[in-house]
Amino acid sequence: MEHEVLLDIQHVSKSFGLTQALKDVSFQVRQGEVRGIIGENGSGKSTISNIVAGIYAKDEGIIRLNGKELHAATAVEAEAEGIALIVQEIGTIGDISVASNIFLGNEKCFGSRGFINHREMNREAKKALEMIGVDTIAPEVRTDRYNLEERKIVEIAKAFYIHPRLLIVDETANALSSHGRKILYSVIEAVKKYGGTVLFITHDLEELIKICDSVTILRDGVYIDTCYGGDMHINELKVKMVGREMSDHYYRADAEGSRGEQVVMRVENVFTSMLKDVTLELHEGEILGLGGLSDCGMHELGRLMFGLDQPYAGKVICAGDAQRLKNPVHAIKCGIGYVSKNRDTEAVILQDSVKNNVCLCSLDKISKLGFATPLQENRFADQWIQKLKVKVNHRGEYVASLSGGNKQKVVLAKWLGRGSRILIFDCPTRGIDIGVKEAIYHLMEELKEQGHAILLISEELPELIGMSDRILIMKDGKIVCETMRGPEITESLLIKEMI
Amino acid sequence: MNKKISNAIVVVMVPIALYLFFLLLRPKSFGKINTVYIIITQSFITCMIAWGMQYLAKMGEFDLALGAEMILDSIIAALLSTRLGIPGIVAGCLLSAFVCGILKGVLYRVMKIPIMILTIALIYLLGSFGGLITNSAALTIAYEHTFLGRAPGNMIVFLLTGILMYFLANKSVYGSNVNAVAGAPGISRNNGISVERTKIRSLILSSMFAGIAAIVQLSHGSGVTPSVGLDSIQNIMQPMMSVFIGFVMAQYVNVVFSIFVGSILMSIISNGITALNWSSAIYNIVVGIILLLIMAYMNVAKIYSKRHEEKVRAIANIKEMNL
Amino acid sequence: MKRKSMKLLMSLLVTASLLVGLTGCGSKDEGTKAESPSTDTQTEESSQPAESEESETEGEATDKIKLGLTIYSTTDATAGPVVNNMQTACDGMGAELVIATDEQNPEKEITNIENLIANGCQAVFCLPYADDSIPRIAKICEDSEVYFGFYWYDLSNEETHDVCYASKYFLGNIYEDDVWSAYTAMKTLNEAGASHIGMFGLPTGRTTTTKRDNGIAQACEEFGMEILVEDRVNTNTSDDAASSVESMVSAYPELDGIVIAGMTQTCLPGVIQSLQNLGMTEQVKVSCIDFNENQTEYFEKNSVNGVIGGHFTGGAWLAVLAVNKLQGTPLVDEPVSIKDEFIVLQSAEDAKNYDAHLYQELPYTADEYAQMSKKINEGFTYEDLLKVVGSYSIEDVMTRHNVE
Amino acid sequence: MKANNEKKGMELFINIFPFISLIVVFAGFALLSGGRTLDMTNCRKIFEQSFTLLLVAGAAVFLLSQNCLDMSVGAAIGMTGVVAALVSKINIPLAFFAALGVGLLIGLINGVLHGVLGINAMIATLAMSFILRGLLLIVCKSGTVGIAVKMYDLDEVGLKLAVCLAFLVAAWLLFQFHSYGKQCRAVGAGETAAVQSGIRITFIKVISYVLMGAATGIAGFFTVIRTGAAMYNTGNMVEFDILIALILGGMPINGGADSRFRSAVIGVLILGILNNGMVLLGLDTYPQLITKGIIFILVLAMTFTIRNKINRGKKTA
């Protein structure tokens, strides 16, 4: 039977500063359908879901829900329209009770004249949790007493409680273990049963095919295609996702991995709250890929190898002076550079000029007994802006006004200016347009030839397979498999290890 | 249920211990029931101001202009009391407090100045404005208008404020919004809670609570003198410390009660120092050092609890790997 | 376009406010008109007779004599009357008075003195914050050839005494016997039968504090009284003072008297209020130094036994000395030290008279001050001035203003 | 392109605004006083009056650029002043170093409280000012502590000018050109990003407070020379004068990359002229404080909103 269209997205565009996150995207989703949305990082799949859920405002375009135009400016208004969103990051607040989290923003309906009847709210919260088959979580307890997975289940209960007409699940699957996943799938089934619609955003193509009726593919903010039922094949989807044959010239050309003899960094049986007995060695002139789900501990390992955190047990040694890494200052002295995952808050100072950002960690090199004239600084900054081809019309401009790709170039200019021999990239191409992505890949290749050691931490398997000499896959804080570079490595092989 | 009671006992033990300490030092004067009565009644005003400050402090903001505001409230109340009597005092204080609250809210919203810097400028504006109205003269109120400052009066006001505070902090939508914003502003904003409106409400609320406290303060002291410069900050040092002590004890018992215990602690200290006839210098030093100790304890405790949590998980990982 | 105009509006707004701040508040226009330069905060209720009747001297002194005064406030209960008296004296003798306030710390007082001199004052008067400040003040005034004098200040320390008297620009100082005032306050308590005293005092470190403490100590020995507890902290608000009294009474049940040797404006209401609350007004006697607005009412309810103060004419005598010196007819050649009398109020009737004749109306009218200027009344001598100062009391004022 | 030169216009306005207000204040009072404020002795007086504020405001630039406040400056000047007065009885140079030493110690304590223990800068220094005022009262128990008579001859303009210029030039070089100054501004602009660029946050904060302590020590020494004695309220309310001076000088309130050292010098001069002129108007204490309060809020709001418009970067969550 012909399901009438529930969600109609027409020519929606959205840009953050100069980066075009969404370019003229239009697609329809029918009532009772479970629509998957896939795309590489930065393809705009999270942006479109947040716009529909009222978190971001769209620049242009119209979104109709059941034929009526949708003007949801906040999540609460979206909820009123029957739209619920489960976010990727942590969506619950630790300091308040589980029940308060479930009814965050609409406590008004549990009491009158601005006061809340906590007993009633706790009862409702218990009911919400039972609705998704969970009775281990007590609603009146403080949320930070539960672990990450249980807090995500609370979010699922919160979304399902209002029986949304449109449920949006934004890459939540990877924060859940098998038990949590079963709950999520049962919720999606329940929504489908009462005729609701689900937007399911994920990385994992196998999971997608199992659950979704259809899938929309986005690439770099542009709508590519939607496939239905039968003709959803993983390989085909991947091609559409990446946009070109797994052509070689996009990633590295050489098929064989190679690395220098000299071990540049060593991690020996490290234990932290996330990592379990991790041991690895990084060689000179090698690109070591580190893959896995987003909370498998690879990001924590990256921070550890830059001295930002200290291991509870085990050692992180930089071969240069064979000492344990004390702090980032010591790491930088040993020639380690770290490109953080959250670029705007950690890797670069937004409210500062490009020149200051580039010169900041090489001040001791530029200056004589601490003093550096503006001239010296300008020369140093221009030299590296040139080398990295950062698109900026004046070195005094603030980094805040640059596009994502240019910001990343500024970070690279900073570390290469510093002359760091060991570079830790944490999702370097996240939210960056194709042109700059390609430039970064070629730069990595050059650095590898020059003998730099690169640790590439990435959530995108194509990137890992294309760029690394050696790939380590992590799962739940453990290194589960190690493969050398070679044509026989496929994504499905790695995905099996990751999940 | 018994966990709640045992926590409450632990919290109450602290002021009792401090009281005994001063009892040992000065048995003659601290031994009487009258002293306990005085300690408790004198903590009312400090506690009410602290209750008002609690919301902003939880969100990491500090309102230093409350001292100057209370003086301005008392001045306006004293002027009204000549014609309207006690209702004049109550109306004067609350009205002036409300206007000061709105002024702070508007300045914060329109001019977007950080709250702490804004309050420093307001100490000057509100304090000097008070001085301008009375031409730096002290104002007093007639004895028959001071009912609210005396025994039955201040207790009634205190209990009513306590009940209002209990409902506001624990039972109201605003109260849960404050806890949410204090916990994670980003997530609260995504869920439709306006962080700015919550902060403006907290600014107005802290002024209203200070207004109520000003009523009791004026009626108790029967006089008010305009302040010059930053002296009015001294009047709110005790409430500020009660808030921090209250936060430290808030894990064991409801924050409303823990702040009251905090203000009793401060009242014991000030009474103790008067009884021991220590000079004002020692009072300043003792107050300053206690404030630093509490703040240091809160920060260090937070860091160590996080580190301890990670250690526990790491040890669990090690055990798991050894199996 | 909107943002550009917004920016223009913003900058105009701020520059306008700066200008308003500079010119608007001070309604003062520069010295041409002889009308007395009243600072805009001079509120109406303390307007003296001089204000209404334009005491226009013959106008021959085209460039008027300009006197400078630095004081911590112009309207406070203790400082206000000093300013009013001095202002009347200047009006009477046809001189102009420039006042600088905001003395938050010693350096600002020095800054005030320098700014008054820069303003063209020919004589500057201040209350030195410490003996050691006097060489500094003397040096500044001598460098700019400006006369200087001190009010409320006793030059007992002979080292500073010599420094001042060595300078030819030193006019003299008017002092009160603070030891005597504290002693008298304790004496009134003793006469009322109190011997165990609680004391509210000024913060240590001030010269007046040390003198008043000595006065109290002297009285304790003489009358066998004892200071049980001393509070210099809870003096910021009346409520603090009230709480402090409650603690004192409960800590020392034998307490039967309270002396307030400073910060009376904030402490007295609190002390009286809490004694009344505790019903101990009869049992605990109260005496204080420095006057305040509703002492008449306190006397009527006999909740206070003695108030010593009224030392507000120091500024006026300095003005008399300065005007005569600057007009070339000095009353006396070398510097002088004049003791100003206190007024002791011990009954509601005293308080009522003081309020009527010495507060609402000033003790000396502009004409009486005019008579003290040699230019107007040649026969006036320094001895006459001493006689006037010596006879300063409520009765003297009432007889002079022929009040029955 | 239009939006771009719009931004440039505003940026230019923000940079030259402090100079405009300096000229407005200077011209305003010159007119009002009929030229009296222009003569040399008055200008020399204004310099002498603003001398100590110039020192501490200069050091405060380092702190404010890192978004830290120091509310204990006034009490610290009192403390170092009284130490200088006490030691001056033995010999003068020793007094200078004693004051400097005490200032450094106070700065170190402040630095440890905020930098190491992480206590909120304002509350920590407010508590310190309480403690220091208490200590001051104990030391000044016997009234005031006078300085040795020989110290008076130190109070001539030549020496003060030399010390002031030396300190300001050194601080200017340190802030604008030395990597320490740049790191201060980087900490103010983005602390987490600064950590990852190899800046020792705690070290920078502690050093800035120690530098402030040094300036307080020198300021205390010269304050006591100027006033002749140290008392319980020496240095009272200097911390607010610093804040209003820096804001009038165009310093961004939460520091960061736009902080300029010149805002201390210009701000203090504006304040000096303002105070000098206020006496002219015979303003009483309260109107004077209200005028300062209003100007402070207006300038703060204007520079704050315009600066937000210029740096309208991506709204980070």
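Going by the order they are written in, the chains are A, B, C and D; count residues from 1 in each one.
In this text, contacts are C-beta pairs under 8 Å (C-beta built on N, C-alpha and C of every residue); 3 or more make two chains touch, one makes a residue touch a chain.
Worth saying up front: this structure is predicted, and the values here are computed from it rather than measured.
Engineer: By label order, what chains touch chain B and chain D together?
Structural biologist: A, C
Engineer: Once every inter-chain C-beta contact is counted, which two chains account for the most?
Structural biologist: Answer by contact count: the chains C-D.
Engineer: Name the chain whose C-alpha centroid is farthest from the C-alpha centroid of chain A.
Structural biologist: Following the centroid criterion, the farthest chain would be C.
Engineer: Counting only Cα atoms for the centres, state how far chain B is from chain C in Å.
Structural biologist: Centres of chain B and chain C (C-alpha means) sit 37 Å apart.
Engineer: Taking each chain's centre as the mean of its CA atoms, how far is chain A from chain D in angstrom?
Structural biologist: Centres of chain A and chain D (C-alpha means) sit 45 Å apart.
Engineer: With chain centres defined as C-alpha means, what is the inter-centre distance between chain C and chain D in Å?
Structural biologist: Computed value for the inter-centroid distance: 33 Å.
Engineer: Provide the list of chain A residues touching at least two other chains, using ranges where the numbers run on.
Structural biologist: In chain A, nothing touches at least two other chains.
Engineer: On chain B, where are the residues touching two or more other chains?
Structural biologist: Touching at least two other chains: 132, 136, 228-229, 279-281, 283-284.
Engineer: Could you list which residues of chain D touch at least two other chains?
Structural biologist: 137, 236-237, 285-287, 289, 294, 305
Engineer: All pairs of touching chains, please: list them by chain label.
Structural biologist: A-B, A-D, B-C, B-D, C-D
Engineer: Which residues of chain B touch chain C in their complex?
Structural biologist: Contact set of chain B toward chain C: 26, 28-30, 32, 34-35, 38, 41-42, 45, 71, 132, 135-138, 140, 143, 146, 149-151, 217-218, 220-225, 227-229, 231, 234-235, 270-271, 273-275, 277, 279-281, 283-284.
Engineer: For a test of understanding, state which residues of chain B touch chain A in their complex under the given definition.
Structural biologist: On the chain B side, the touching residues are 167, 170-174, 176, 179-180, 182-184, 187-188, 190-193, 309-311, 313-315, 317-318, 320-321.
Engineer: Can you tell me which positions in chain A touch chain B when the two form their complex?
Structural biologist: Its residues touching chain B are 55, 74-77, 87, 90-96, 100, 104-108, 111, 114-118, 271-277, 312-313, 477.
Engineer: For chain D, which residues count as touching chain B in their complex?
Structural biologist: Answer in residue numbers: 69, 113, 117-120, 122-124, 126-131, 133-138, 236-237, 240, 243, 253-254, 285-287, 289-290, 292-294, 296-297, 300-301, 304-305, 308, 317.
Engineer: Would you mind writing out the residues of chain C in touch with chain D in their complex?
Structural biologist: 3-4, 7, 10-11, 13-15, 17-19, 21-23, 25-26, 28, 30, 37, 39-41, 72-75, 98-102, 104-107, 109-112, 114-116, 118-120, 129-136, 139, 144, 203-207, 209-210
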